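Dropping the structures in below, format is structure tokens.
One chain, subunit A, links the two complexes that follow: it is found with subunit B in the first and with subunit C in the second.
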Partner chain A sequence: MSSTFVSDSLAAIPPRRGRRSSLRTWRWSDRLVLLAAWVAGLSLCAITAAIILYMGYRGVQYLRPGLIFSRPQVSKDQAGSGGFLDPLIGTALLTLIGIAIAAPMAICSALWIVEYGHGGRTRQFLTRIVESSIEIVAGTPDIVIALFGLAIFQLHILAFVSFVGEGGGVYGKSFLAAGAMMSLIALPPLFVATRDGLQAVPAHMREAAFALGKTRIATIRRVLLPSVRANIATGITLGVSRIIADTAIVLVLLGETLRTEPQGGVPGLGVLRGTGSTLTSYVYENSPAGEGAAPQKAYAAAVVLMLFVLVLNLAVEWITRAQARSSGSIAIAGGIV
Partner chain B sequence: MSAHRASLYSEESMKVLSRETPPELESVPPTQPIPPVRTIVLDRAPEPVRPPEQREAVRRALDADGPERLRLEDVSVAYSQKVAVRSVSLSIHQGEVLALIGPSGCGKTTLLRTLNRLTELTPSAARGGRIVLDGQDIHDLEDTALRARVAMVFQQPNPFPMSIFDNVAFALREQSRRRPRRPELEPLVVDALRRAGLYEEVKDDLHRPALRLSGGQQQRLCIARAIAPRPEVLLMDEPCSALDPISTGVIEELIHELRRDLAVVIVTHNLAQAQRVADKVAFMYLGDLVEYGPARQVFEQPRAPRTRDYVRGAFG
Partner chain C sequence: MLQRLRKPWSDNRAERLLGAVSFLACLTVACMVVFVAIHAWPTFEHNGLSWLGSGGSLSEQVERMLATSANPPASAFHIRVWPILYGTLLATGLAVLLALPLAVLSSIFIVELAPAPVRRVMIIVVRLLASVPSVIYGLIGILVLVPFVGAHLVTSAERTSLQNTVQLTGAGLVVAVVLLTVMITPIMVALTCDALGAVPAAWREGAAALGVNRLRAIRAVTLRAIRPAIVAATVLATARALGEAIVISMVSGSVFFAPRPSDGAAFLLEPFRSFASTIVDFREGLGAPALSATLYACALLLLFSAFALSVAGYLVKLPMRKYQVKG
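Let's turn to the complex of A and B:
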């Protein structure tokens, strides 16, 4: 049992006990709930596995490297319809535009809310307004956001975002227009991730910087922002995965041309003002739900899209874990203190 | 095991204890070692901060009253309606350690945070009276400039999540600018680390994350960070209450070294610590400054009855 009398009385380790009470002592209703929890959890796993396996199978069946590197062609039969290089580029471009607009907005508003938003009644009121606006944006269906975007970008004053059609009306559909609305989709998760990260920075960290005679701005730039880098990265990844998965905004605001169609003479700007497609709209157009011209290619593109989303999810997981693991992180410091 | 432990204080086991050898020990061969996990080893005995006679010599050499650094005239602080500090007047001199003692909630931390205007971060706090730093009212100074001259060390070690070097360099840099660059800062950083007694332990790798250091090292890093811009006054808010006795000893020794160059104001709950490090002691009670005087006088011949009771441990 024990080595010596002394060590036993000084540091008795409590004996290992059974894992938990036996299920037999549970009430019937509790057992049912436990069963339901198990069934729900396992069936979710099964559904995910089924989707991934099915898409993987389709991918092996239809996905060819050539598809990724060739542009879509207009054709009656599937063999001549080309690949989905343009939709891939379109997805990347929309993601870039969306994040480029959403990231500064989300980070700045999170900074304002956490660092400046609670002095006095007016500021608290403003904070509440900002937070609920972002919640409302997050809860708005993307098709509604898309229609709103169309209404805005068809205004004459915003003709530079897209281009003027033959009848003299502003077309209102372009990469810029879609990207601007995409930023609204990406903004809420980015905002929440940054805000939660900033709120998790312990107050004594700020005080330490103030006590060194640093201004609030210097504290934000040199202490707070570096501390929430991982949170921002997580937020950006979440935003990206929402942008690349979105269909409604693309269908309404990107003009449904499978190939990117630049408008105007300036090379770079022309693409941004022109129409195009993304992987989601490509899948939709080519599936039996849309034109139905190339269902096999729709599957191939869907596999690529799903791989992207999976990789992004893994990236979020990885960033979160790396943050928790690295001893240089705020989360750890806050946990100990 | 636990049953045995429970019976330790029963009559029977007391009898067992009173016997010369407990029966369990007889049954165990004496060569069997106690598992190392269960033994507590002190690698070195806690040393006294400094022999008392040597401390007295230093104290005399430094002259009882160095040049005055901070003067508090009728300072009061209130949080909305609640008065936390009530018209305190004090004088803080270079070369001395002033300990603010008193029970929890007596306003000593508030008073300390008023000295570098950190209370202004609390929107409801209001201050009355005058605080003069080297002849200048601190209210007329830019708060960032003031805080570089009146530095502060907190209860919890709070290094920034950066490297050791950057933690100290951050204090030296002009606001958020990166300039001056690393090579120009290096000697200043090394000097600050050396004065904080940390350099020898970290010199191999100044660029490792500060949060990997032990608690005591982190606190000394915070001290290095605070004294790097050569402040005139160093405020310490219970700097050792989160540390082990050995780290506490190191930091108390450090406080002794530091007061040559600056005035130290330390808030402490620990009367023994105040006795070890302080030259002057101010006893506060419920926002009032009850007694202020040389450490020996306050501890040995307190004038106010409340001080006497507190120092003797009658309350607090």
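Let's turn to the complex of A and C:
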């Protein structure tokens, strides 16, 4: 029965016709779904455009160079409360610490899993454990990671990370503490990017290196790492955009002083052990949700943050496009999930 | 020693080093569960699982916790968090319900319908939407959407009728749900798009050869093939929405209140709190042991639900391997 239906409808189709006339033969329900799909897709574009345009408008309205280059001040009125130089430096510092911890960890794990994870059943089992624990880290809400950080950095043996408060308890909040937890946020995208890159390296490249008498580790250093450089760059960019976007960890683990407050006398280490703020916590504190209630400054800092995010997105786009030209298609979910 | 390190590394040593670093991730996860559980224990010790039930006024219970000193009496741990649980489930559920059709339709649009230039733009848009910091969503919510809802959607009749129970300022369920939807849609779109792209072209061509139009082919073949991936994407998006702290803390009104469906349309305008936003709201109170235990218990619950959801997402996608459709 179905075959007669098919041949009938085939016979009914005129040899060639344009796309528009074929739409006219569609059922109404199909046309509605088509319309809905277009509306859904375009509404995503509209939302994004609205956010960017609105932030751009607020940026033109409120963003002044003076805000970027002046430190926050304690003041009664908003005219005297300064800008967000300290939060900017804080964001940069946290990003540096986070990536400095996350990148070696992610690259080592990816190398171990792809290059050493295949021999024998125990080793496959261990590989699965490592991969799933990184997946668990990826799925953990950042507020939970923040509370976990507070729990470990308030231990007395880790007092050197932050400082000891007046009551004798370890404060547990510092740039080092927040940066260490930020590395957990940046780890999964970095790991996934590196692992996928390594898996995409054709086997004959490894075989050629082995045939030349290179050891595994020499192959990794001379052949594999150079060929996944672009993937690592993508991973780092994604990790950076995760870190600069995170608020919950900063609010819990950085102590919520708008100015960078060093602890102890050693110049560099003092800042790392001290408290401070980042752009995200500056926005939060100056919004009606925080204490400051200075919407203009919150907008100005948010615009700077948005610019960073846009630049990082463009960077990812640029790297992956260069890569796609050399190696075929790219996946959308890549780093964002 | 230095000489030994400078020589070319033996494979064994390199492997051991790489393996050891890899296991740091496992160690972190184990530590996370253990530490959060230890800090949360007093709450479960004093309340049991009726912790999740309802009873009494939550804000009074929290006040009592904040008032206690370093060694709180057992009575200070008493808390019933049903309004928070209810608020969390309500906001997450509504956001996922809204995001699901939006995400499926727009991924069909991106992969199957859009002309190539539009598709390229859409991919950039999805990535960008996924990477907008939550604090910016929250800022737009609290400075644009909340005043708008407060001025135009809250009627004075609703405001006066609820005067004695809760204040309707505009901050509440509807703004939080809208923002959560915008935040989780790109995640679902990205996962669904990747699954759609992995469906073999031959299946689609087969459907087209049988004479159905493009949309029928999508509905009958492509969507059916990636059903598990859609469910998995929904599950992952649910996990993301459950854990979202900042946006909800900014736009939910931050009041211990369970929105009541019996209030009619005002139900959607009523404030609430979720687990994650409660932690953010009371981060200053982490010094009070009783409150700290309660907040860690919230975190433990979030941790376990995120874990359960990611396992569920994995299990749901297993059948797709059978068809060799990656996703």
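A few notes on this one:
The criterion applied here is as follows: the second predicted complex is superposed on the first by the 290 of 337 C-alpha atoms of A that agree within 3 Å, B and C clash if a C-alpha of one lies under 4 Å from a C-alpha of the other, contacts with A are read in each partner's own complex, and residues count from 1 in each chain.
In the analysis below, contacts are C-beta pairs under 8 Å (C-beta built on N, C-alpha and C of every residue); 3 or more make two chains touch, one makes a residue touch a chain.
Being a predicted model, the structure only gives us computed values, none of them experimental.
In the superposition on chain A, contact is made by A:A211 with subunit B only, not with subunit C. Looking at the shared chain after the overlay, A:Y116 reaches subunit C, while subunit B stays out of its contact range.
Contact with neither subunit B nor subunit C is seen for A:A159 once the two complexes are overlaid on the shared chain.
The wider contact with subunit A, measured as residues touched, comes from C rather than the other of subunit B and subunit C.
Touch criterion met: A:A36 reaches subunit C, while subunit B stays clear of it. In the overlay built on the shared chain, the residue A:L85 is in contact with neither subunit B nor subunit C.
By the touch criterion defined above, A:R222 lies against subunit B but remains apart from subunit C after alignment on the C-alpha atoms of chain A. Judged by the touch definition given at the top, the superposed model places A:I129 against subunit C, while subunit B stays out of reach.
In the superposition on chain A, contact is made by A:L187 with subunit C only, not with subunit B.
Within the superposed three-chain model, A:L96 lies out of touch with both subunit B and subunit C [touch as defined at top].
Judged by the document's definition of touching, subunit A residues 6, 9-10, 13, 215, 217-218, 329, 332-333, 337 lie at the interface with subunit B and also at the interface with subunit C. Taken in their complex, subunit B has these residues touching subunit A: 1-2, 4-5, 8, 22, 24-25, 28, 32, 34-35, 38, 116, 118, 121, 123, 143-148, 151-152, 154, 156, 158-162, 170-171, 175-176, 209, 211-212, 222, 225-226, 229. Subunit A contributes residues 1-15, 119-120, 202, 204-205, 207-215, 217-218, 221-223, 226-227, 327-330, 332-333, 337 to its touches with subunit B in the complex.
Listing the residues of subunit A that touch subunit C in their complex gives 6, 9-10, 13, 22, 25-26, 30, 33-34, 36-41, 43-45, 47-48, 51, 54-55, 104-105, 108-109, 111-113, 116, 126, 129-130, 133-137, 139-145, 147-148, 150-152, 184, 187, 215-218, 220, 241, 244-248, 251-252, 280, 283-284, 287-289, 295, 298-299, 302, 305-306, 309-310, 312-313, 316-317, 329, 331-333, 336-337. Interface residues of subunit C, counted against subunit A in their complex, comprise 8-11, 14-15, 17-19, 21-26, 28-29, 31-32, 35-36, 38-39, 101-102, 105-106, 108-110, 113-114, 118, 121-136, 138-140, 142-144, 182, 185-187, 189-191, 193-194, 197, 210-211, 213, 215-216, 219, 236, 239, 242-246, 249-250, 276, 279-280, 283, 286, 295-296, 299, 302-303, 306-307, 309-310.
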